[in-house]
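Take a look at the structures below.
Both complexes shown next keep chain A, but they swap its partner, so chain B is in the first and chain C is in the second.
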Partner chain A sequence: MLELTGVSYRYAGYATEVLHDIDLRLADGEIVGLVGPNEAGKSTLCLVASGLAPASVGGSLRGTLTLDGTPAAGLATHELAERVVVGFQNPNTQRSGIAATVFEEIALGPMNLGLAVAETVERTREAIERLKLEHLILRDPQRLSGGQAQLVGIASLLAMRPRHVILDEPTAQLDPAGTRLVGEALRSLAGTGTSLLIAEHKTDLLDGLCSRIVAIDGGRIVIDGPTGEVFDDPRLTGLGVERPARARLAAALATRGVEPGVLGGALEDATR
Partner chain B sequence: MTGRALDPGAVSTSAIRTEGLVHVYDGATRALDGVDLAIARGERVAIVGQNGSGKSTLVRHFNGLLRPTEGRVLVDGADVADRRVAHLALTVGLVFQDPDRQIFAGKVRSEVAFGPRNLGRRGAELEGAIDAALVATGLDKDAETNPYDLGYSRRKLLALASILAMGTPIVVLDEPTTGQDARGVERIHRIVAELSASGRTVVAISHDMRFVAEAFERVIDARRADRARWLPSRGVRRDRLADARIDVP
Partner chain C sequence: MATVESLGAFVIGGYLGPIAIIGLAILPAAASARVAGRLVRISLLLTLPIAISVVLVSVFTRAGVHVLFSIGPFDATAEGVDFAGQTLVRLFAISTSIGLFGLTTEPRSFVLDLERRGLSPRFAFIALATLEAVPAMVERASVIASAQRARGLDTEGSVRARLRGVLPLVGPVILSSLTEVEERSLALEVRAFGRPGRRHLLWRIPDSGTQLIVRAVLLLALVAAIAGRITGTFPSLP
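Now for the complex of A and B:
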């Protein structure tokens, strides 16, 4: 379990805090979606939930982050990485910059966990297969398209087989096929007991993937509940969050006196 | 990316035209494989297609950042082979997909000023262009902020503002809506409409099919431009899009 309790955070050099009193718990195997308007604090929350802020980024944190009962505050960065991994919004930030090929880039994470070579290779291959990256393995990681770089970044995280995963807009640059592949990979990772927090504007993806949605605004959690309920909450539109196509269509039908139930699963089928 | 998306009628008025455009990276990766396309002046065109299909490679030829391995690129009827990047910048503004590869100044206002100043704008004309770009992108209150104190979504808008301020007749946007919330997407939609209303040519790469359908007149499928040419966005065919791994809006 990953747990944030009473967390407030201020970046180094900033006068004010950008996150306020965050209480958030990710159970093992749970996928939680994080939504909110631009500048709400989603990326900062990702940095804090992964322990990178303040461990790497600096700044000051009040409250606690605990990982499977261990307070993150006492852990060195390499010890954090054994427990929780984070995927940045910009895949160019994620890339190590020291690997000559995509294969080596993906292998870097498990290698740094100190695993045997055979195990590292096996995990790297599995991550490559899962995201269908076979055609890229010999390419220079610096010479990929934006979407390819994003898939390689996610494969690097999968290869670490992490207990907890924090992802900041993991599919922003992906085509729909890539988005679906990532969705399937994350669902399967959750099936092994990994907990995930995913910040995304693509609410259609979250709708099919998450059991719970947390909305933040102005650095505070403003809505936290089961996915279906949160996406039917009209307050989301006020936050600048586009509700999934399923929810928008259901709402449009309801205003015309049509109960979405009469369509059976057609709405879900059309939007997945 | 390969194939043809030419409208024979538009040749003489093309803002951008490519003929047999091939680009090979490092002598190995063939990103573009003989692309023929024409984009008319004043047109709003979206380029869609799967990851790694060569979309960004294609548009980097429009302002000379990449040069063809084979074939030609014509901007306003003239071959870009004879023109330097600085010269092409008068005509074509390209907003990068990754704002962090574009931004370098210490203040938002200086970042936006860089382009138009280098195009020779001065005084009231320069200040007016900067102000208009900041207002259009909603960054007017952040003029004195360090760009790296902005979140990713606003750095994307800053990259866009820097190009808008240059007032180029052709504006190319590489994935403009990534990282934007619904209001941000709406804002970019509005900017595209305003550019178009003022007679500018707008070309955008996007995976966001709702944005594409609502903001553009024509869609080019980057993988097989020959099969999907001249599809008006309202008439985009479901089977063709599925084939190109694109979601139907």
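Now for the complex of A and C:
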């Protein structure tokens, strides 16, 4: 379980806090979506939930982050990496810059963990299969499209086999097929007991993937609840978050007096 | 091999030693790697600037009794010509041996093999990242140049116009590289880069028993040559 209790965070050199009194709990195998307007604090929350802030980023933190019962404050960065990983939205900064092939790039994390070669290769192959990257394994990581690089970045994190995964806009550069692929990979990862926190503007992805949605604004959690309820909450529109197509269509039908239930599963099928 | 050949050319001295190293070790190896032509061209180009200064300084300032000709207050002596000639063959032997290493060794493989032999993974990363930084910055500069051209910056035409066009690119290229540094270092930490201890690399460079023996023999020969030079038992070669 990943748990943030009473967390407030301020970047070094800034007078005001960016996050205020955040309480957030991710159970094992749970997928939680994180939404909110720009500068709401989503990326900062990702950094704090991964333990990188303040450990690597600096700044000051009030409250606690615990990972499976262990306070993160006492862990070195490489010990954090064995428990929780975070992926950023810019795939160019995810690249190590030292790997000659995509295979080596994905294998870098397990290799850094000091695993035996056979274990590193097995984890790397599994991550490659999850994201269907077999056709790219011999490619130079610097010669990938934005979407391919993003998939490789995610595969690099999955190969670490962490207990908790934090992703900051993981599909920002992906086409619909790539987005679906990532969704399937994350769902199957959660099936192994890994908890996931996904900050994402593509609410359609979160709608089909998450059991819970957390909306933040001004560094505070303003809505936290089951996915269906949160995406039907009218306050979301006020936050500048576009509700998923399913929720918008259901709302449009309701205004015309059509009960979405009469469509059976067709609504979900059409918007999936 | 490059180290032994370079040091060997320096230690053995004379004309014969360096020429033998070039003719019997470096060129046959370069020919078998099919880089002999490129090696000679690159080595000549690399040696040329130093060679010119060596010739000028040695021929005209080396003390000697056999004056060949004079230019103003400077006497060109036979001793100076002889010293310049010996220095040049040494230089050429050193540059060809280093050039052969550069032409036949993939830098990434070399650094990773050094890591396998005990080099710190952190140092290996710095070396590899440095190697990768140049093409990455060239690519970034090309993207920024395209963006600037789309906004009317003239980067074509005369040398002066091109220089004027390059200057506005320098700032964005450097700044954008620096702004990515923090996120890149975080991404590496997420992948346990800071973990102490050794890591098991995925592959190794093939290294046969014969290669090992050749390296050992070369090293022993070098040590013997140095010892011979120090003790004065090494024959003075022409």
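Just so we're on the same page, the second predicted complex is superposed on the first by the 272 of 272 C-alpha atoms of A that agree within 3 Å, B and C clash if a C-alpha of one lies under 4 Å from a C-alpha of the other, contacts with A are read in each partner's own complex, and residues count from 1 in each chain.
Assume contacts are C-beta pairs under 8 Å (C-beta built on N, C-alpha and C of every residue); 3 or more make two chains touch, one makes a residue touch a chain.
Remember, predicted model here, so these are calculated numbers, not experimental data.
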Touched partner set for A:E104, first chain B, second chain C, both or neither: second
Partner chain(s) touched by A:N92 [first = chain B, second = chain C, both, neither]: both
Partner chain(s) touched by A:G146 [first = chain B, second = chain C, both, neither]: first
Chain B versus chain C as contact partner of A:A254, first or second or both or neither: neither
First (chain B), second (chain C), both or neither touched by A:T77: second
Which superposed partner A:V117 touches (first chain B, second chain C, both, neither): second
Contact residues common to both interfaces of chain A (with chain B and with chain C): 90, 92-93
Chain B residues touching chain A - in the complex, by the definition given at the top: 25-26, 29, 49-52, 55-57, 97-98, 100-101, 151-154, 175, 178-185, 207, 245-247
Complex interface listing, chain A residues touching chain B: 36-39, 43, 89-90, 92-93, 136, 139-140, 143-148, 150-151, 169, 172-178, 201, 237, 240-242
Sites on chain C touched by chain A in the complex: 108, 121, 125, 128-129, 132-133, 135-136, 139, 180, 182-202
In the complex, chain A residues that touch chain C: 47, 50, 52, 56-57, 76-78, 81-82, 85-88, 90, 92-98, 100, 104, 107-109, 111-117, 120-121, 142, 153, 156-157, 160
